[in-house]
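Both of the next two complexes hold chain A, though its partner changes from chain B to chain C.
Moving on, here comes the complex of A and B:
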């Protein structure tokens, strides 16, 4: 436990050395969402759209897009931060010294995952506050507990995704291209920007991604869109049960392979 | 665990794939290093020293053979092996530059499971030992290269390991810090603390000064193991002649020279340094000067005692240099 705690403290200290990075993570989802809002307004003439409402369950475009942008922060920080966590250690020159210590790299990754969850949550709170104050988002106390429940289920699954992303960067080193591709796939196949019901393929693929169910639930809670609480919870839980062991297995396999090939600390 | 040999390496082989070809980095190495011994692994860059250290420290999985460290097998008990060792590498980038020395040491202490109370005392002790107490709360990025290396040593010692694997510890350091590091390894770690130390270096003087025993490593294999004194006695000659010339010379120039035990050539900054040992240097010297005089201007001739480098060249035919391996006639 102490290793995980110290990992979080270390990452916080390093982040605090880069204040612009903090500002970036806070404002980027909002900056990213604003052009979409303008685009929507330009296309349909207002921020209400009947075709959009028939697919999304709500015709309120702004809150829909903002919620997608804000909560996708968890997914993208998991992919980028956990994916690049060991890569950053390579650049610091500390990876080999960590791996020479009697700590399984998994604990380091869990520490980095918890650090990401903590910061993502902090950023999300700031973003939600901005949305409540400036975009009229209705956030009451009774909505917070179910939100936390679904976010917890989402985060568990994201650790699995993070382990896979970390393995990927350990294996192929310069994984920016693949992580970007991963990001675009998520944009395409999850209801971040639009309802996945817009196309049969997006609807089918989105069923495999945990962010899909989390966004359905979170929008359901925040915007009052009808959704099946139990079914969505079980689906998210099911994905978590599969993706965590899968992520661990893939990471373990890649760690062993890099030690055999001697590419552990290669740039 | 009480074991006879702190490190025992048995028929260890490590291969890498390079552009489709298999390169043997470590080729059937056997070594036994006693408890409390300061053992030097010497060889040019690319000899396989670092690969061997990485196999011992569980960063690489050997293709064949095995090694035990503190009695634990590197393949079967890697976590136990890691508890026994401290790894120090040359170069600056092995610390978190955005953290302070205290924060760095605190983090690594946690990785090694050192209790909080012990960590605090140990950090204070190590910073004092390294003369870094005044810099304890400054970011590492503001420290000089030598101070960073001192801090790396403190990090290596944070859990007080019985076995130290030290890879090129003075690489890139100025002479003052290099001297400090060498004295610290010899006096504090070896004599006072009785640590078992496996040191890799391509600086022969460093090995000669520090080590109880040394092994010559070349092309992945161990060519000789003995004390520095015994190794130097392997050269039949007692004197080595150094000739310094202005100009650049090719190693082929000396291909026809006979009756020479060792001959090495280094071209550096417009100067050529020829170093040779022979049973009969008085007779050999005129022949060498004849060969050189049309190619370069002789600046000095100097007679010296043979060094480990002379023995290395004699045994392997390979000359040690900072940045490359050069074969001599």
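Moving on, here comes the complex of A and C:
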């Protein structure tokens, strides 16, 4: 527990050394949604679209896109923070020290994951407050408890994704571009920007990504779109059960392989 | 004088070759760069299809004279590939050298700083140009997009002017990186702001008035509008002559401002001794 706590404290200190990053994570997800609003206005000419409604369950595309942007923060901070965590240690020159210390790397990654969850939640709260105050998003107390439930399920699954991202960095080193690509793939195959029912391929691939179910549930709660509470919870839980051991296995395998080949500290 | 210029050109080319070699070392990332533009573009196209229930928009036709949403969006994002080059490749260049531990060595080399930046710009243009040609061929065939070929030459001129203007931004980011260190936040913030303000997937008419005014200060706005006009016949609020003139003025202002900021930050960083700090 002390190792995890110290890792969190260390990451907080690094973040506070670059305060510009805090502002970035709060504002950027909302800014990413703005071009979609303008694009919608240019294509449809109004704030509602009937074809969009038949796919998404709501014809109002702006709240749909905003909610997608806000909650995707969890996914992107998981991919970026955990994916880059070990690469950054590599650049700082501290990776070998960390992996040689008498603690399992898993605890270090858990520390990074917990830090990531704490800050993502803080960013999401600020973004939701902005949407409630300026965009008229309806958020009542009764909606908060089910939202927290689904967010908890999402975050657990994201640890698995984060472990895989961290392993990827150890393996291919220059992972910045790959992480960017991963981010684009998530935009493509999850209902962050549009209902995935728009194409059979996006619908099929999205079924494997935890963010898909979390977004269905969170939009259902916030916008009153019908969804199956039990089925969505069970699916998210099922993905969590699979993805955490999978992430741990992949990370363990890659770590062992890089140590055996002596490429751990290579750039 | 001529010998010195030749010496600078050799240094610029050496920088270009060095970047190709480093990129080729990370093969998954090298090939990823050719696939990424497609993955980046598709969500915008699928979002458009979800909104319209198809490919063509009557409202877009009324606003711009172009009804094909896919062709309209594709041109916008294709051109914006150069923004990524300026913000990421050039902006990141110094931070990368810092991480490699080679920044001090490069800065101590017997060539002016701008030669290093010009080398990065040259490499970025070659690399991004190659990616864009690849993307253009694939998308045009896959979506059966028909372009007017009569305006290819003026289009290339617009691209050149816009790209040089964007390099001013790249140099500015590289300069800011010396002082602010956390380069990716600056790059991401500036590129996100420019993506919002530039009429990439929508015409200027849908932007709020204050954003429209900011938009008119960017080279990308004139670049995207001019190229779409020449290739797709989009209605223009300004004549082509005005677009060339404004692009020329913006180019001079942005490049001057970028170079001044870079030199200022470089001098300031050396005086304060934080050039190689993290």
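As a working rule, the second predicted complex is superposed on the first by the 267 of 267 C-alpha atoms of A that agree within 3 Å, B and C clash if a C-alpha of one lies under 4 Å from a C-alpha of the other, contacts with A are read in each partner's own complex, and residues count from 1 in each chain.
Just so it is clear, contacts are C-beta pairs under 8 Å (C-beta built on N, C-alpha and C of every residue); 3 or more make two chains touch, one makes a residue touch a chain.
Please read these numbers as outputs of a predicted model, since none were measured by experiment.
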Fit or clash for chain B plus chain C once both are placed on chain A?
fit
Would you mind checking which one, chain B or chain C, touches more residues on chain A?
C
Regarding the shared-chain residue A:43, is it in contact with chain B (first), chain C (second), both, or neither?
second
Touching A:52, do we find chain B (first), chain C (second), both, or neither?
second
In degrees, to the nearest 10, note the angle that opens at the C-alpha centre of chain A toward the centres of chain B and chain C.
80
Who does A:92 touch here: chain B (first), chain C (second), both, or neither?
both
Quick one: classify A:3 as touching chain B (first), chain C (second), both or neither.
first
In the superposed arrangement, which partner chain does A:261 touch: chain B (first), chain C (second), both, or neither?
first
Can A:178 be said to touch chain B (first), chain C (second), both, or neither?
second
If we overlay the two complexes on their shared chain A, which of chain B and chain C does A:34 touch? Say first, second, both or neither.
second
Smallest separation of CA atoms, chain C relative to chain B, angstrom:
7
Can you pull the chain A residues that chain B and chain C both touch?
18, 92
Taking the complex as given, what residues does chain C use to touch chain A?
25-26, 28-29, 32-33, 35-36, 39-40, 42-44, 46-54, 57, 59-60, 62-63, 69, 73, 99-100, 180-182, 185-186, 188-189, 192-193, 195-196, 200-203, 205-207, 278
Chain A-touching residues of chain B, taken from the complex the two chains share:
14, 16-17, 25, 51, 54, 57-61, 63, 79-80, 82-83, 85, 87, 89, 91-99, 103, 106-108, 110-113, 116, 139, 155
Interface residues, chain A side, partner chain C - complex
18, 20-21, 24, 28, 31-32, 34-36, 38-45, 49-52, 54-56, 61, 91-92, 172-178, 180-181, 184-185, 187-188, 192-195, 198-199, 202, 267
Using the touch definition up top, name the residues of chain A that touch chain B in the complex.
2-3, 5-7, 9-10, 13-14, 17-18, 92-94, 96-104, 256, 259-262, 264-265
